[in-house]
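Would you mind keeping the following structure in view while I ask a few things?
Letters A, B, C, D and E mark the chains in the order given here, with residues in each chain numbered from 1 onward.
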Amino acid sequence: VGCSSDDTASSEDEGSGEDTGSEQEETSGEDAGSSSEPVKIGVLASLSGALETYGVQTKRGFELGLEYATDGTMEVAGRKIEVVFEDTETDPKVARQKAIGLLEDEGVDVLVGSSSSGDTKAVLPIAKQHEKVMVVEPAVADSITGADWNKYIFRTARNSSQDAVAGAAAIADEGVEIATLAPDSAFGRDGVGAFVNAAKDLGADIVHQEFADATATDFTANIQKIIEADPDYLFVIWAGANTPWNQISDLKLQEKGIQVSTGAPDIAALKTMKPLVGMEGFTVYYHELPENEVNDWLVKRHEEEYGEVPDLFTPGGMSAAISIVEALKKTEGDATADSLIPTMEGMSFDTPKGTMTFREEDHQALQTLYKITLEEKEGYDYPVPVLERKLSPEETAPPIQNGQ
Amino acid sequence: MRKLGMGRSTGIYVIIALLLAVLPFVYDDRIILSLVMQVFIFGIFAMSYDLLLGFTGIVSFGHAMFFGIGAYSVAIVLNQNEATLFYLLLGTLLAVAVAGIVSFIAGVLTLRLQSHFYAMLTLALAGLFMVAAEKMRSLTGGNEGFVLMVPDMFIDTSGPTLYLTCLIVLVVFFFLVRRFTQSPVGKVLMAIRENEQRVESIGFSIMYYKVIASMISGIVASIAGVLYVLSLQFVDTSVFATDVTLDALLMTIIGGVGTLVGPIIGAGIIEFAHHWLSDLADVHWIFKRWIILFGIVYILAVIFFPRGIVGTLQEIWIKRKYKKQQGKEATKDKNEAAS
Amino acid sequence: MDLFFNLAINGLATGMLIFLLAAGLTIIFGLMDVLNFAHGGLFAWGAYSGVWIYDISGSFLVAILGAIVTGLLLGALTEWLIIKPVYGNHVQQILITLGFMLVLSEMLKVVFGPNQKSAAPPAYLDGSWQLGDVILIKYRIFIILVGALVYGITYFILKRTRIGLIVRAGVMNKEMVQSLGINIRLVFMLVFMVGSAMAALGGVLLAPYSGVIYAEMGMEFAILAFIVVVIGGMGSFTGSLLAAILVGMAQAFMAYYVSELSLAVNMLLMFAVLIFRPQGLFGGKGEAA
Amino acid sequence: MKALLELHDVQTYIDQYHILHDISFEVPKGEVTVLLGRNGAGKTTTLRTIMGLNPAAKGSVQYNSEDITKLSPYKIAKKGIGYVPEDQGIFEGLTVGENMRVAMKKENESTHERMEWVLDLFPDLKTFWKKPGGQLSGGQKQMLAIARAYMNENELLLIDEPSKGLAPIVVEKVMESIQQMKERTTIVLVEQNFLMASRIGDQFYILDDGQTVHQGAMEELQENETLRKKYLGIA
Amino acid sequence: MESIISTKDLTIAFGGHVAVDGITIDIPEKQFTSVIGPNGAGKTTFFNLLSGQLSPTKGAITFNGEDITKLSPTKRTRKGIGRSFQITNVFPNLTVLENVRLAVQSKNKVRFQMLRHFTAYKQFEDRALELLEQVLLADKAHSLANNLAHGEKRKLEIAMLLALETQVLLLDEPTAGMSLEEVPAILDVIRRIKEQGDTTIVLIEHKMDMILDLSDQVLVLFHGQLLAHGSPEEIMNNETVQSAYLGGLYDESSA
């Protein structure tokens, strides 16, 4: 009763970008396999709550991605593509309900999502039960392509280990002394673990690992310890709202000869990093970094549509869309997992971040990441990531963790 | 007369339960069914909360702790062993035992003090459990949690097996808890809510009763946690979050404190209001901010249904009865005057 | 020794910040016996409105005043719409203020957008002084001073005027206070407004402190404030100050010396207080000051 | 003489319960008017209705020829009406001294004088000046409640069962004090202690089941045994 | 005469203030003892010590020869000391009937029965109604206790106490605030219990006629100490009692 979701962005509103899918007709979810039927894609994202900004980035990217990959026809191999967006509210329970609704009531053929690792993990078993391919974007937890993985799961997002490897590649070298600072959570610990391995591989010394309460407002103690360890670099993995940047600068780390490095976040969060101008680090995406047609198209269309540049996770959403459309082209519209999985394994596709490849073993997309420095620039109210060098997909390839 | 009334309400509950039991066979909107199942689970949880708040007058800010204990006990036992019914039962027993012990300790430590100490102690304990779940990463996977295998019969979480299991557990616990609240002990609990000191001086030791209430409530809550993790096949530290406690609290208050059916109805209202409001996001931009509407619902509920839905209905009913009685008396007086 | 000073000063500053947050709550809770779960929302509104005003006016002082005014107005509105129907009923207070909390937080996104906002201290409070190895962060010293000032003024008002007395009497027996010719409704509203203004002040001061504000900050910090109120002893104003400082210090020192437990500091502290000194560290005879 | 306070056909509900059905009486200035009646007759509710604590649904309350039926309690109190409630209304967490301070509308010479007079009347209060009101003995609370009401320059005092729980010697003091107050203040008294009521009352009203059923001068009741039997059950 | 309760040097101090000061007294079994004294003399506090609401700073209490100084109020009630309260002390949001039924239930030692329905205990309800009849409150049986007038609450209080059928009844100003018309009825109830002769009653009252009428012996407390102790007549003629407690009022009322 009243629960059929109307937020399907069908081809009618292509180019309108506004999510007013009001003329949506009811479609029965049965035998979606026949080629006259549209292909349905369900996208799970945090469209409200704390991760709303990420969810919205994914959504915009995904819509533009479909448009790009189908040349605006919103059709692939003769089948229309329909998308249903659902808000997970960053609550695993809701995510799961929405996923069930998408699969069973809407009858979607492919799932995409979601903004948080918890939401995503709660949905993984359902994809398996329903034997539907799920493209994970932008959740980062390693276990999604590790311990909790199943064969229906593909990921266009980079995982924590890739971040870590990129972070290491940006600063680690023979004899360099590095300390780390991360939130005391699975996210922080996994990330540091992977970073430490990667950095050691490159010959660096890890002199101190510091974990802090992610909700704390005061990081003095943590920074004190780092000062005492006196490394060349402090590598910070941080997510969450209370940031340590102000204190890092107030306690004059840089003046003590400790360089700070971290992954650059989205633009809103970059604004809080003014004290870190000059920092060397890496990023997943910043719209000025990649040089390719897809990205040019994305930046242009995104500005037309929304009056602003694409942000951290917009290309991820777009990549997910492109990967699905490309796979469907190859299967000639067959959206069943049986034909999609073999097609997607090892598949390469062009994204705003260059070419990505789904690794066969764990379905993780190998992709380019960027080594950057943060610089002050005229006309920007935040420190701008400036390209140092591209970190190639091979260079940042994470270890395979799903036992395949 | 009271006996008769009781029988009738029991009958109504049984009929409703039967209707709910056939629902999955005649209605196949899976999302609604899984929503109804969540209502069952949170109905149990809210009911356990009401046992504390509504019947004994104890406020808890950390009730999520028991929910989380239930969820993690089963999840860890199933994860560390095989996903069979046997281990599910073992996990459930573990949940009950741990919840029983923790609620016993929390109760003994603070229930001799004013009630907000229990509230705050449970809040602290829930926080500590959350940190523990986060720290024991080899068992729990930290705050990101882990996906778990469940016994085969429950694998299809939107199928009728799990649905019916939740319904049966709800019904059983509803009648058990109701019987408990209507037993002599239940009456003493209500008296404690009203005036502790007086209960002591008519010869009951309140500590025993409060600890009993705390334990039963904790154990029932842990059962809700068990079902929750079965329905999610995934667990993370959010089961210990204050939000979970607040949900139970809101369900109890909206439904009607001290009424038992109230919390279940409250769970239904909150889950469905949540679902529908958030689904309206595309009808009008305002619904994108459905949380605002959700908040307004709470506010209006307090203003217009200060005693919760069920409590307010009961009150109206009592008023009616009183009016009738008055009317009768008035006519009687008139008749007398006339004669 | 330098290390000790660094930790102590930063702990103190954090404590003062928590105190500013908790002060409004203590007053509203301690004097009026209202469990205000929307307190965090008022706090977040103070932060957002302050940062917004700072952005357009360029003056931090104006921003602080603006936040206080926002707090006063929102406080009046809250008391009038939300709190008035539920005086004396904790259960209903929880429900209605939580509802209002949702509205307040989400309205932030409607008004200011869903993104987190960055905030920096004004130039004259930016940076730090270095004395040997002791680093004094200017903004933190500023917070400590403001905290002390707020405490002093409030303490004076509570001790030296009849207002504290009247409010407490009003909570114990509202009818009787009215029967003595006091418009307790108005008094309650004023107190509530002041409490909200304190929350808003805490919010605007927190913004440059942590560098970033976000819509969910209210709930996160409100729980911390509640913990402080409990540790300090329900309704004891001085207790909240000392408890806040204790929490701030504990966070700083625990993070350094027993970092494994740093996640659990607040909870452990509250746990210990409840077990060993349930009336709160400084609670006792229901003194409001 | 013009009546200071008049009630006309007052009807009051508490929630849905109809408590006062028809209360009418007049309180002449400078006299002591006693309300009598059995438990549950509605005496307390009548005083509360006058104070605006349970406002009348129908009928009117006139004070100094002004309609105060719908005013809020604090406005009524401000007009110069003092109230000693049946349950004493002690602020349990405040000390005796603080209880007195809350009650004082202003502090000046005359209130200081009053304070001295009151503390002479009830020396216990002075002894326990710093003790929380909640820890007083039953009788001490009663004294505090009365003392509080004496602190202000009131034109009318509503006193609900002042003698309850007081030792005989204190009852006597309270009676004297009421007699002294009478010179400045008009008093409405609810009192079960008939001896006391008859000694200081000028006129009486008898309430039964929310209605005023009888009235007269106090002497009349003292002399008329049948009346006493009928309404009060005493000889 | 057997004494049922004896106190030895019973003392309690609140901070510096000694509210009950070294009281040593035997309360004879199956007799009617009254306690009088000025306001604040320590009468209620004395009761609180006997019933266990407070524990003494010094001294001991024995009941039926057993030392009960350390027992909780609950235990003392079960052993047979029941009391009523000076301030009205009932369960406000339960009905009058439920208030009394709880006391009946306690008397019948139904304490931890959590599975049987309460209506299975019909006899409790009957007994409760019977008690309400006795105190003239039967017509209010189904009202919430909260909605009673003050005097009615006092009666409820007495009904709850009677329900416990304890060996000792401690009555703290049971008729305060009760209307003149109804005092005799309550007195009747008390008198009837007294005449049955198997209950020990201790009464605090300020109504002298009542004391004179009912008491076998009278204790006078003054500043926490036992000032005098004897038959009602002796006490009435005691000059200190006359001047410190009774004032002039008593003479006239008895006249």
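Simple rule for what comes next: contacts are C-beta pairs under 8 Å (C-beta built on N, C-alpha and C of every residue); 3 or more make two chains touch, one makes a residue touch a chain.
According to UniProt, the chain labels map to these proteins: B = Branched-chain amino acid ABC transporter permease; C = ABC transporter permease; D = Branched-chain amino acid ABC transporter ATP-binding protein; E = Branched-chain amino acid ABC transporter substrate-binding protein.
Not measured: the values here are computed from a predicted model.
**Q** What's the overlap between the neighbours of chain A and those of chain E?
**A** B
**Q** Note the shortest touch-path length, in steps, from chain A to chain D.
**A** So the least number of steps between the two chains is 2.
**Q** Decide which interface, B-D or A-B, involves more C-beta pairs in contact, and give its chain pair.
**A** Between the chain pairs A-B and B-D, A-B carries more contacts.
**Q** Among all chains, whose Cα centre is located farthest from the one for chain B?
**A** D
**Q** State, to the nearest whole Å, the distance from the C-alpha centre of chain B to the C-alpha centre of chain C (ABC transporter permease).
**A** 32
**Q** Go ahead and note the Å separation of the Cα centroids belonging to chain C (ABC transporter permease) and chain D.
**A** Going by mean C-alpha positions, chain C (ABC transporter permease) sits 44 Å from chain D.
**Q** Approximately how many whole Å separate the CA-defined centres of chain D and chain E?
**A** Measuring from centre to centre gives 28 Å for this pair.
**Q** Calculate how many whole Å lie between the centre of chain A and the centre of chain C (ABC transporter permease), each centre taken as the average of the chain's C-alpha atoms.
**A** Computed value for the inter-centroid distance: 37 Å.
**Q** Give the residues of chain E touching no fewer than two other chains, as numbers and ranges.
**A** If we look for residues of chain E contacting two or more partner chains, we find none.
**Q** Taking each residue of chain C (ABC transporter permease) in turn, which ones touch at least two of the other chains?
**A** 109, 263
**Q** Counting only residues that touch at least two other chains, what does the list for chain D look like?
**A** 17, in rising order.
**Q** For this structure, give each pair of chains that are touching.
**A** A-B, A-C, B-C, B-D, B-E, C-D, D-E
**Q** Applying the document's contact rule, which stretches of chain D touch chain B when the two form their complex?
**A** 16-18
**Q** Of all residues in chain E, which touch chain B in the complex?
**A** Per the touch definition, chain E meets chain B at residues 51, 53, 72-75, 77-78, 82-83, 85, 89-94, 98, 101-103, 105-107, 110-119, 121, 160, 163-164.
**Q** Within their complex, state which residues of chain B touch chain C (ABC transporter permease).
**A** So the residues of chain B in touch with chain C (ABC transporter permease) come to 53, 59, 109-110, 113, 116-117, 120-121, 123-125, 127-128, 131, 134-135, 242, 246, 249-250, 253-254, 257, 289, 291-292, 294-299, 301-303, 306.
**Q** Where on chain A does chain C (ABC transporter permease) make contact in their complex?
**A** Listed in rising order, the residues of chain A that touch chain C (ABC transporter permease) are 49-50, 52-53, 56, 184, 210-213, 215-222, 224-225, 241-243, 245-247, 250-252, 268-269, 271-272, 274.
**Q** Please name which positions on chain D make contact with chain E in the complex.
**A** 14, 17, 37-41, 44, 86-87, 124, 128, 131, 135-140, 142-143, 161, 164-173, 192, 194-195, 232-234
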